[in-house]
Amino acid sequence: SQQPAAQPSQPGSGQGAPSSQGESKQPIKIGVLASLTGALEDYGKQTTRGFELGIAYATGGTNEVAGRPIEVIIEDTETKSDVAVKKATKLIEDDQVDFLVGSSSSGDTLAVVPLAEEHKKIMVVEPAAADSITADNWNKYVFRTARNSSQDAIAGALAIAKQGTKIATLAPDYAFGRDGVAAFKEVAEKQGAQIVLEEYADQKTTDFTPNLQKIIQAKPEYLFVIWSGANTPWSQIADMKLQEQGIKVSTGTADFATLKTMRTMVGMEGFTLYYYDLPKNEVNDWLIEEHKKRHNGEAPDLFVPGGMTAAMAIVEAVKKSNGDTNADNLIPLMEGMSFDSPKGKMTFRPEDHQALQVMYAIRLEQKDGMEWPVPVLMGELSPEDTAPPVRNKR
Amino acid sequence: MQPILQTEGLTIAFGGHKPVQDVSLNVMPHTFTSIIGPNGAGKTTLFNLLSGQLKPTEGKVWLKGKDITHLSVAKRTRLGLGRSFQITNVFPSLTVLENVRLAVQAQEGVYYSLFASPKKHAHFEKRAIELLETVLLGAKADSLAKNLAHGEKRKLEIAMLLALETEVLLLDEPTAGMSLEEVPSILEVIRRIKEQGNRTILLIEHKMDMVLSFSDRLLVLFNGRLLAEDTPENIMKSELVQTAYLGGLYDDAS
Amino acid sequence: MITRRLASSRWWIGLVILLLVGFPFVSDSRGALILMTQIFIYAVFAMSYDILLGYTGIISFGHAMFFGIGAYTTAIFLHRWDHSLLSFLVSLLAVLVLTGIVSYLIGVMTLRLKSHFYAMLTLAIAGLFLVLAEKWRDVTKGSDGFTFYIPDLLKDRTSLYFVALAFMILMFFLLKRFTDSPTGKVLQAIRENEQRTESLGYQILHYKIIASMVAGLAAGLSGSMYAITLRFVNTAVFGTNVTLDALLMTIIGGVGTLFGSILGSALILLVHAGLTDLAKIHWIFERWMIFFGAIYILAVMFFPQGIVGMFRQWRAKWSKG
Amino acid sequence: MMTLLKVDRIETYIDQYHILQGVSFEVKKGGVTVLLGRNGAGKTTTLRSLMGLNPIATGAITFKGEAIHHLPTYEIARKGIGYVPEDQGVFPDLTIEENLKLAMRKTDEATLERRDWILQLFPDLKTFWKKPSGLLSGGQKQMLAIARACVNDNELLLIDEPSKGLAPIMVDKVMSVIIEMKQRVTVVLVEQNFYMASTIGDDYYIIDDGRTVHTGMMKELKENEALKKEYLGIA
Amino acid sequence: MEVLLNLTINGIATGSLIFLLAAGLTLIFGLMHVLNFAHGALFAWGAYFGVWIYTQTGSFVIGIVGAIVIGALLGWLLERWIIQPVYTNTMSQIQVTMGLLLVMNECIKVFFGPNQVSVQLPSYLDESWLIGGVILIKYRLFVIAIGILVFLGLQYMLKRTRLGLIVRAGVMNKEMVQALGVNIKKVFLYVFILGCGMAALGGMLFAPYSGVIHAEIGMDYGILAFIVVVIGGMGSMVGSALAALLVGVLGAFMTFYVPSVALAVNMLLMFGVLMFRPAGLLGRG
């Protein structure tokens, strides 16, 4: 933030981006918005770790691309939209960043998206998952490396839905859960499965048993759970003996902390976005090794590869543009762009800038010496298979 | 002449207990009536029924011929029925002056004036200061009401009642706790009001000398019932009042 | 003496306004500009709360409902209709009508309750609004919320700054006038002693409803402005945290002073911003919440009457010594 | 007679106000000492200072030869000092029964006896035994406050204007209570009812503007019209 | 039929848990009138430290005792240094306890990290039986039992000793209680400590109930405790117990039968109760 005085911003005029190929010694500035405090702080930390690793990897440790050094500025949104807007504006107008990356919560991201448009800055969305970011609230400056809720749901459906399968769903009673179930239902029904019950629970409830009771009553073959947040239904699912009553449970597994809460779910089949020993490729190998090196032996958690991917996508784009960071020049280059990631190749599809990516069908198994049940690969779900419908009105 | 304040069959029950039972009374305009009776006889409760703090279980209250049984306290005050309280009842964290000023404002009928300039109503303050002087509280105008000594609060209570300038004044033991040397000046205030002749006053008091020197009529309450209503002389002759209220020892002191 | 005090306070207020007007011309930090804009808007929200808390003695745990109604109403107008200035102004009108109706109804329904019970009841009602915003997804988009465009005039941060500043100053003088008015005095009497106020001939429920409505209207407007600064709205605007923020700003600034709410808002948001900046400089401040919380605690110990109360004490000492 | 309580030039501040500016008096065991003075003179503050409720800044208070002015209120009370405040200080949400139960530091035979004795003097209290005391009439609250101070085995009672709000017959009763208790209890009485003060008082002190300005035997004051006029404004 | 039974049993168990969370607040807020926003943070401390002790020692019982001790210790510190000066000032209480809530929640993250922690029951409590269609969960029965014990204990203490009286009187008129020879400071201290101990106990028992704890449980369930105390009627232990059961059972039934309003059920319940009983179920006046 040694940048001199900000010129009064000229909304609507096209001179937002200060750099062009000519001034190649100017650093490329990237502002990362993440929740570093509050309920989502661990997500934020994963993203920022991943992002730093991604820059290192993509620039081969030089921290330079197209002859320009990269400067990363990280800001804490505290998972509050107004803070996010304040920080984003500071990044854009005071620090004059060229790219925005973020953020840990969909709400924060949505609040920042209009600023990206106003100031003509590319915003790489990671790891916020709300569909509306690449649908109703989309603008052309938005690119998402994170998977969206629909991709999650499709992966979940592909993992269990077959012709005639009876499925009940359990999800938290707010936008995240409702959207997820809607997307899941669409795909599952296309696969010929039958949704017998959509059950929603208060995300802060202490008692899931009435919901589970209802699910037992509906006699599905599968219970598909979409859950996010600190409170989890797993121990009560075990208490209510769903498995014994012939109901198989499936869900997307998330970070280590929630895996630890799923000890009772060993044997469960479901899917995941990432677990560090699932993808087999060079990038991921490097990520695991480097992450362990930097962070006292810990393996990378759920959103670390996402952060890394965001960095790699940006570097790739700047390489393509030869150091030009003008967003309007970058957009055509990035649309349809494929790039490496710890999960293999990803592609920003041109229509809505959503990165299509691999997802993993898994089974939870107990392994010796592990604090949590481990997702074991059952099969990869290809980017095409998990491609969500295009919903932005372009 | 029509009574200014009138009740009929006034009764209030709390569970089985009836502190006021079947009280019917007529108070003529511009008279001074005192109510006496033992502790717990229902005097304050009767006031509460008249002023609206309590709603009767049975019976009715009329003020100036208008049935006010179901009116709120505030409405009764606006109709001209003001009272002071036995238990000191002021605005503790406001200044003494502000306490009285609020009463003056109410008297002037400035109820809803949301965005009026404070200057427009500066004369309220002047009037309030006058009243404070009247009750010998001028020196304490800027103190917070809660910091007053007990007797001073009683005076404030009276100043607030006077500020309302209501036609009917209900005074509940106004001088309880007031010091010997200051009682006379407060009595003087009450006497002046009485002599102006345009007010109707109801007084609850245990100080017999005061009751006797002011009252046109005396009401005696016993166990919630109106036992007697007569001139002070006749009441004082009553055997029952002598034994059950005054007690043998009582001789006019002070 | 009273007039002198008034004059001197006017002098101060003039100086503060002058400084604030000059601020964008000396500061080139956009972040600071936004921070100030938010301070102004929160200040209005906190002042509206002070009408309840400081002047009428009512604790509400549901004040966010008006803020939320304001934010959503403006957001929906700008999103659904168009994002012209007219649309914004009409939305403000709608906010006034809506918050007016809601605050009136709440006043009528609930103000008969005693302190803590009233507080919890408003908590319940605000909670119901939160659920409504969550469930009425066609309009509100649920907890994800939605973004919208704002009138071009307000897009520029500097002009938004001035609009917000003007808004705060206007509301300050309006509310000040209100609290100094005869009605405002009656509110203070109600705070002190309801029963006695009534026996002076004031119908307390009316006054409480007036207070509830004035507070509700002002809060609604501040919610509108808040939405404008964010260009985004989601269910968080109905959250209990929003109410608690206003509550704390009012208390820290000094209840029953209006000006305290402005100071409280400034103090809390500035300290907040300062601490989060420090978090980047020294690892100790990564857990800046601890320091933030500690400041609340210390503030109670060092100025229990709020900032304004502290100034008053100093002045009292000064004029005596 | 021995001196039970000695108050020596106490000065008390409330906030920044210098309320008591030198109050001194002595109370002899078994006597009734009356504090007189106009409204706002500092009588209540004196009693509160004795109880430790308004701690004194300078001076000394000795009770049975022991300095008590540095003690917290509850310890002063436990030394055997009962207090009837001028606003009665009943706990409005508690019933009469609970008020008394709370006051009784012991539940031995003697305490129960004292309770029954006092209840029989104030039958109203028994009638409304289970009623929240906030609903009592002014006089009934006064009775409760007195009863509460009498149930314990106190040696000294500080009573602030007990006659206030009492019907004449009740004033007599309270006087007889005090007279009856005189055998074992010493009383400091603040009273505006001169009839009562002069009937049961032994000594008097006049407080004005936070100072004790005059003292003497009650018998003399009763007779001496000039004194009465000078200090009490009555003839 | 089984459904009804299941819903009722689980509702009662949840109610019992909620009662345990609210019992401490019934003392501190209901009786002592301290608007303690930090109460929820005590759940979190009780839960985290209790679970930590439990995993260190391997004994659930020691964990419970440890939680209570931690809670009591905190209660002592808080009362002495922070709450005592603000007993009579609601505004300051709000400010100081909000500050405390932030500090205490954040400290949890310092000690235990920001992530949720999963909690497993000892084997002797970790069992459930499927009998017909009825599911009995051992731990829930355990919670019901503890709830009853705590209720009886507190009720005895408040009714059979002068303590309840003293606290209530102390809130009304502190000076007068002292003038009657009661060391009210000490009494308040003890009651506060007791309330905090109860809160920590509630948090500790909550931990295996939901199977996972996180630093924000203080925020999430603190409000619930306030709701229970207010619905029950300030300071009434019986009221709190009733209200907690109502919240638990009604929550279960509404979730099952009227899921569309399940999110709003606590708020609706509070709204309904207060509209018809402005001082709560068993509140006076």
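Letters are used for the chains, namely A, B, C, D and E, taken in the order the chains are written, and counting of residues starts over at 1 for each.
Quick note on the criterion: a residue touches a chain if its C-beta (ideal position, glycine included) is under 8 Å from a C-beta of that chain, and two chains touch if they have at least 3 such contacts.
Every value quoted in this text rests on a predicted model; they were computed, and no experiment measured them.
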Any chain in contact with chain C as well as chain D: B, E
Length of the shortest touching-chain route, chain A through to chain B: 2
Centroid comparison with chain D (C-alpha atoms), farthest chain: A
Centroid comparison with chain B (C-alpha atoms), farthest chain: A
Mean-CA-position distance for chain E and chain A (Å): 37
Euclidean distance of C-alpha centroids - chain D vs chain E, Å: 44
Length of the line joining the C-alpha centres of chain B and chain D, rounded to whole Å: 28
Whole-Å gap between the CA centroids of chain C and chain E: 32
Chain A: positions in contact with at least two other chains: 173
Multi-chain contact residues (two or more partners), chain C: 134, 289
Multi-chain contact residues (two or more partners), chain E: 109, 263
Interchain pairs in contact, sorted by label: A-C, A-E, B-C, B-D, C-E, D-E
Of all residues in chain B, those that touch chain C in their complex: 51, 53, 72-75, 77-78, 82-83, 85, 89-94, 98, 101-103, 105-107, 110-118, 121, 160, 164
Touching residues (chain side chain C, partner chain B) in the complex: 174, 177-178, 180-183, 185-186, 188-189, 192-193, 195-204, 206, 210, 214
Chain A partner contacts - residues on chain C that touch it in the complex: 28-31, 34-35, 38, 134, 137, 141-149, 152, 155-158, 226, 229-232, 234-236, 273, 276, 279-280, 286, 288-289
Residues of chain D touching chain B in the complex: 14, 36-41, 44, 86-87, 124, 135-140, 142-143, 161, 164-173, 175, 192-195, 198, 232-234
Sites on chain E touched by chain C in the complex: 35, 82, 85-86, 89-92, 94-96, 98-107, 109-110, 223, 226-227, 230, 234, 260, 263-264, 266-268, 270-271, 274-275, 278-280
